[in-house]
């Protein structure tokens, strides 16, 4: 655990002072992070377009690049060339500053998101806490944007964003605490390290309650990214475009980029907390690639792939579901996610107390009795939900539904 | 709300959301369901493919048949047709009609609502709704079409494109057949695994070509049609100038001199 | 009297400080056209609202007094541009009613019914799709358009246009349909039935959708009756009224179909969900009518030979209503024996349906406002005429 | 509610109000004197059960303006009855019925806007389809469309 963990340590050696480490981190990380954010933006916008298109029986962009892969670049160029409009009577400073605030609020999250073993900007001891703290910074940019626009619809959007923050933060925090209680640490790499070995060691499979924690976290993360069904602040059919109604050109693009970067951040955090981080879930494979450069690269590939899979699920959800109403959003977070979050925290810690994870599992030792038990519970839940699903399919055939639903 | 109802409502939500997601996922992984037609792309098919026979596009005027009776002008509910002409002697720049000379026949596409009411009462059936649907123009003045000279898409074009389509389809079928045969031959050659079968494989595509089939896909360009089909209107061409005034000796019954066809159908891209 | 009108409830001095005047429309994604509602809100709650229409007014009734009856038909296309076949049919029936002994050929009647019902399906598809979009689900919208596209393709092959058909004319229809078109219609019927299940999976049963629409915008039967609301909005309130059955025009009395009414299955009777479900179920019933009509379509002429030359109805007045996809579309036609109408009045269903918006949107949230307008399914071309 | 029955009821209650009755089965109509219209309307709704105002058509009859109310029973037999109210062209005043049939609210505004019939007692008789500052009533036969409107030229003659 005390080996040089971050890239900066790796470059500077272990003995550097904190000033050197800080400057080193900035020099070493600024360029890759900016590049990575752009890459995330390009890839996820393309993914979003393609996924939405294929879900909707369309082709999506096909002209620029292979299957429209460079369409986003073309759009970026277009947005750069657009006129920079500021509405009359807008708060000009805030109007210009809000996109930067939103973007910065997202990018600071990358500081604790690992890209692979040791590939982490700052492996803070309080990684999760830091995330919970800065995760909502973007909302401040959003609120500022809506306020500065001098537009009633934008104002509605920003007020909705504020409402949303206070509602999703609590369940999200409960999910964090659940994992922190299991892991015994707040450090991101510390958490990932507890999940090495076989797939059963992922926190998702550690006990049945972490499943619930994962779902709670994912729903809250959707709300944090303002993704459907929680896209209330920008609800295009209700509030025109909400907080970014008045934005055009590059400022709009920055909001857009911030949204997609945020999607990546929350997905990567989900991967770190629940899905084994940079471990593949196959113990011999991880052992084979080792911890050298090859190991770092493979780990980076694994964690980025897993994160993008979760990003795809966000898109899949978005293109399936209608938007919920503001009061329903509050209801969901306060009355459903929060009680379940507390239940999860209590249940998970009690489970850990009564069926403690053997130390051997914590360092990736392999299958344990606890894992088997978890598997049994999960299998039961899975079977039950399958039965419920089949029943619902039967119910939804018109003739049977009419019979059962007078 | 009782605990049962509370849990039940959560269950219902989860169930119905999963049902919806299952549906969208089915579509996501089935590219065969995609319904997009890529209009205007590189491998574009003729417009015939997009519109049915009765499509009401920009009008076509068969000038030889027109008797300059103004019925279409009167039938138009939005007054977008204006025409002028004379029954007297030909004059400079006049187009030959059936017993009359037409000096102008304009269609204001800014007004036209493509209702087909001008075509229905025509006694000579000389004005038709064509297949052309690209009516976009940069200015309003560009939207005013002179049907005598600007006809964007004539009956002859239509025949040509129908033939071109047939050729393309035949060529596609031929290419597919050849591919299949080549694959079969390759498979056969592999099965035999002897050099004796080798000459058959490359020869296969060329040998069974029946006579009368169109050229291979590389040469799908339809040949120009030698002469216009009888009854077909004058060939169009936006760039074509009005025909010179007929010689004085030519009587009113003399048809206009046949024009050479443009060598290719217009590419249907915009 | 011509001074700009500011109702008292909306004077700025009367607005309390915690309230806000919000101008929804004329350009808003969810007002389904250029429709403007001034909303007085307290937070997200709508306290009061006032509708403004007329942005799309283009004097349809005045037009009809200057163009012939035949030319008026194509102006009816542009009233409710999503149900043009129904509009054509209504106007044609109104003109035919002026004649004393006009016999419309059987084939023409069947074609009219087929086209009107297919167009009803297309219109409801669009209503459902855009309603999903209002609620925030974009994918059902595209599925609906995919299926609507098939109907439009059939119409295009029948009459050459996709939206403004100008197809049903006084005395019959404009062109005959041939076997390939009948085959296409039959194919569509086969194709469409299973697709209806998809809308259930994506929208009708979806819990988020149900929660967004049930108990929202409750239109009581009494209110609906007093505002003269018709069509799916009225049936959603539980009134079983459908002119196709109650006052059969054309040959509707020969077909076997149900009239779906709202039951309050997920909430209160007459809420947005009921209105939505009436549309979903009506599509299937329309499909049944199409199937019956297609299977028994006779041979024969497709327009009457009694009208020769110019269409000159005798002097008189006629009033006709048909059950269009948004309600009862009526035409009051006064002819003075010329080929131009003396006066045409269009009784547009959307005009009635939207007039009660103020009454049912009180106390709703802004998101509900969108849901309510969407569930009323207005077409501004018809409201403003 | 057949037209004959409606006529009977009206004859019994407001004998002097009914000035003509046309029982044509295709197009039944009753003519009402304008000064009695409001009381007749109440009778029509309450006694005859005609609770559905299908449409309000305003017609320019040269010397007079006519408002044709098409009435029907919403929840029963379908047979629209047309009630005609003729008012002089130079002083077209008709009592409002917006509180009797709420449909009439917008319809009367429309009739005022396009034909210029003033509905006395209407709470909000303003233009509905035309712009608020429009002049004239377009559906009248003697209407001349303006040459310009807010600087926009009318080039359609």
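Read from first to last, the chains carry the letters A, B, C and D; within each, the first residue is number 1.
Going forward, contacts are C-beta pairs under 8 Å (C-beta built on N, C-alpha and C of every residue); 3 or more make two chains touch, one makes a residue touch a chain.
None of these values were measured; they are calculated from a predicted model.
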B-C against C-D, pair bridged by the larger set of C-beta contacts: C-D
Distance from the mean Cα position of chain C to that of chain B, given in whole angstrom: 34
Cα-centroid distance, chain A relative to chain D, in whole angstrom: 63
Inter-centroid spacing, chain D versus chain C (mean Cα positions, whole Å): 24
Inter-chain centre distance, chain A versus chain B - centres from mean C-alpha coordinates, in Å: 50
Two or more partner chains touched - positions in chain C: 139, 146, 201-202, 205-206, 208
Per-residue overlap in chain D, given as positions that touch at least 2 other chains: none
Residue list for chain B, restricted to those that touch at least two other chains: 15-17, 19-20, 23-24, 35
Contact graph of the chains (line, ring, star, complete, other): other
Parts of chain C lying in touch with chain B, wherever the complex brings them together: 67, 70-71, 74-75, 139, 146, 149, 153, 156-161, 164, 166, 174-175, 198, 201-202, 205-208, 210
Touching residues on chain A, where the partner in the complex is chain C: 52, 55-58, 152-153, 156, 228-229, 231, 235-240, 319-328, 396, 398, 405
Touching residues (chain side chain B, partner chain C) in the complex: 9, 12-13, 15-17, 19-20, 22-24, 35, 51-56, 75, 77, 113-117, 120, 129
Chain A residues touching chain B - in the complex, by the definition given at the top: 51, 54-59, 62-63, 316-317, 319-321, 336, 388-389, 392-393, 396
Residues of chain C touching chain D in the complex: 1-5, 7, 53-54, 57, 59, 61-62, 97, 225-228, 239, 241, 243, 246-247, 316-319, 321, 328, 330, 332, 334, 342-343, 345, 347, 351-352, 355-356, 384-385
